[in-house]
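Chain lettering (A, B, C and D) follows the sequence in which the chains are written, and residue indices restart at 1 in each chain.
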Amino acid sequence: MTSAPDRDGVWLPLRFRDLDAFGHVYHAEYLTLLDEARTRWFREVLALDEPGSYVVARIEIDYASSLVLDDGEAGFLFEVERIGTSSLTLRETVRAPDGRVVARVRSVTVRRDLVAGTSRPLSDEERDRVLALTEDRQ
Amino acid sequence: MTSAPDRDGVWLPLRFRDLDAFGHVYHAEYLTLLDEARTRWFREVLALDEPGSYVVARIEIDYASSLVLDDGEAGFLFEVERIGTSSLTLRETVRAPDGRVVARVRSVTVRRDLVAGTSRPLSDEERDRVLALTEDRQ
Amino acid sequence: MTSAPDRDGVWLPLRFRDLDAFGHVYHAEYLTLLDEARTRWFREVLALDEPGSYVVARIEIDYASSLVLDDGEAGFLFEVERIGTSSLTLRETVRAPDGRVVARVRSVTVRRDLVAGTSRPLSDEERDRVLALTEDRQ
Amino acid sequence: MTSAPDRDGVWLPLRFRDLDAFGHVYHAEYLTLLDEARTRWFREVLALDEPGSYVVARIEIDYASSLVLDDGEAGFLFEVERIGTSSLTLRETVRAPDGRVVARVRSVTVRRDLVAGTSRPLSDEERDRVLALTEDRQ
């Protein structure tokens, strides 16, 4: 008896256009999908103010397996590794519906005040929510 | 007296579509542009067989500055850090025409035999060309 | 009293990357989204063999209103206008969740035999299903 | 003796990412490339104010032949069909370097005042330049 792969995290449908000429999801497209899933996680799980107002400062990504169109969708798991003044360092995992890991990622993103055009410190409320979430996991 | 920024490396024109809603070249697009420039460098400088037949195994990218449409194009410099059996580890720099660095990157790419669907060892001739280029720089 | 906008047709979530520097879904992206929705409709409603194996021969598109990220998703309605030997001419409508029409489209697509590399005539079964669907609507 | 295909118009390099899983430039990508070339033509040939400040109101496109990566670049020819108050209707042709036509297009674009968020009438100077160009061709 096999158990179904779990459905934790954010899931996004793939598009035909995500594929490259080799028939795999193009490696740059992983960043687009991660960005989409991360913003949703910032909104729904961390409840950050202006969840989409951030810039990506650094990405490390290991491509472990190819995503193909038959996978249909990709799943994204996020975990906080470090909280900075304005930045969050996350551990991110991308999975296919059959459970296999397709990429392991570390991202550093910096909150932006889009009107002022500067980085924005995380508020105490945001910091507390992030810390609470981090402790829940331990 | 200021000297003109040098024009070393591969230069690619930007497109309006490379921008995101913040008016900057989207962070995932850097990987697309890097891939395009890298393949050209594999062809024209390293003279690899089937220059475009590779997969990206790992990327580390630090975003140092925003690229905007007025930059018009981006320049790409590549340097070999390590030669594996089938893989190349490169140090990559992305610059704007005014000379400022917009990203610092390390990539690991693996040569592919597209017909066999397996990784392809670098030939002795390819390895010699890569080594000769590496020594020239020192 | 207002009734909720209907949810007929295929709905696809938008991505931040679908936006251009003006903050609207980029006009070329409508074709990508239409293609995604059309393939799903070919599979789920027309039940065509190899639903994604077609080429686009002609598109006419009128952009009626901007799609923005707050719309969240876009809805796609398809209607058969003409059945050719290997081609289908469709009337297509793109809507936002609030019910406003954002684009009116006519597409001509041609079924492909990807292995033979030629156009593929619709089978009698496929033709009957398309005709039955067309008659249902009248 | 064959003459070289002419190099009239705007030419843009293709990218690997322009391809889809069939190995052809994706049909939506033609609109992205056309947009890029059209803006350049608005700037360099029509000398319009704020050449990139326009929205696409309508596109008709006939796909005549596939573009592949070996084509390397695509060429774009533009001809004015009609001048409206704020709009231009253009006849557009996309060609491969070997001279074959890959797409025939009609576009309607509307000049935008991005600050006011409204359509912007063409100035008398712009109108005169467009008319002079149109008469030159006859």
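Definition applied: contacts are C-beta pairs under 8 Å (C-beta built on N, C-alpha and C of every residue); 3 or more make two chains touch, one makes a residue touch a chain.
Note that the coordinates shown come from a computational prediction; the quantities given were computed from them, not determined experimentally.
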{"item": "Chain of greatest Cα-centre distance to subunit D", "value": "A"}
{"item": "Listed chain pair A-B, A-C or A-D that repeats interface C-D [over half of contact pairs the same by residue number]", "value": "A-B"}
{"item": "Gap in Å, rounded to a whole number, between the CA centres of subunit C and subunit B", "value": "37"}
{"item": "Subunit B-subunit D separation of Cα centroids, rounded to whole Å", "value": "30"}
{"item": "Sites on subunit D at which at least two other chains make contact", "value": "16-17, 22, 26, 28, 32, 35, 69"}
{"item": "In the complex with subunit D, residue positions of subunit A that touch it", "value": "16-17, 19-23, 26, 28, 69"}
{"item": "Subunit D to subunit B touching residues, read off their complex", "value": "12-13, 15-17, 32, 35-36, 39, 52, 69"}
{"item": "Touching residues on subunit C, where the partner in the complex is subunit D", "value": "22, 26-29, 31-32, 35, 55-63, 114"}
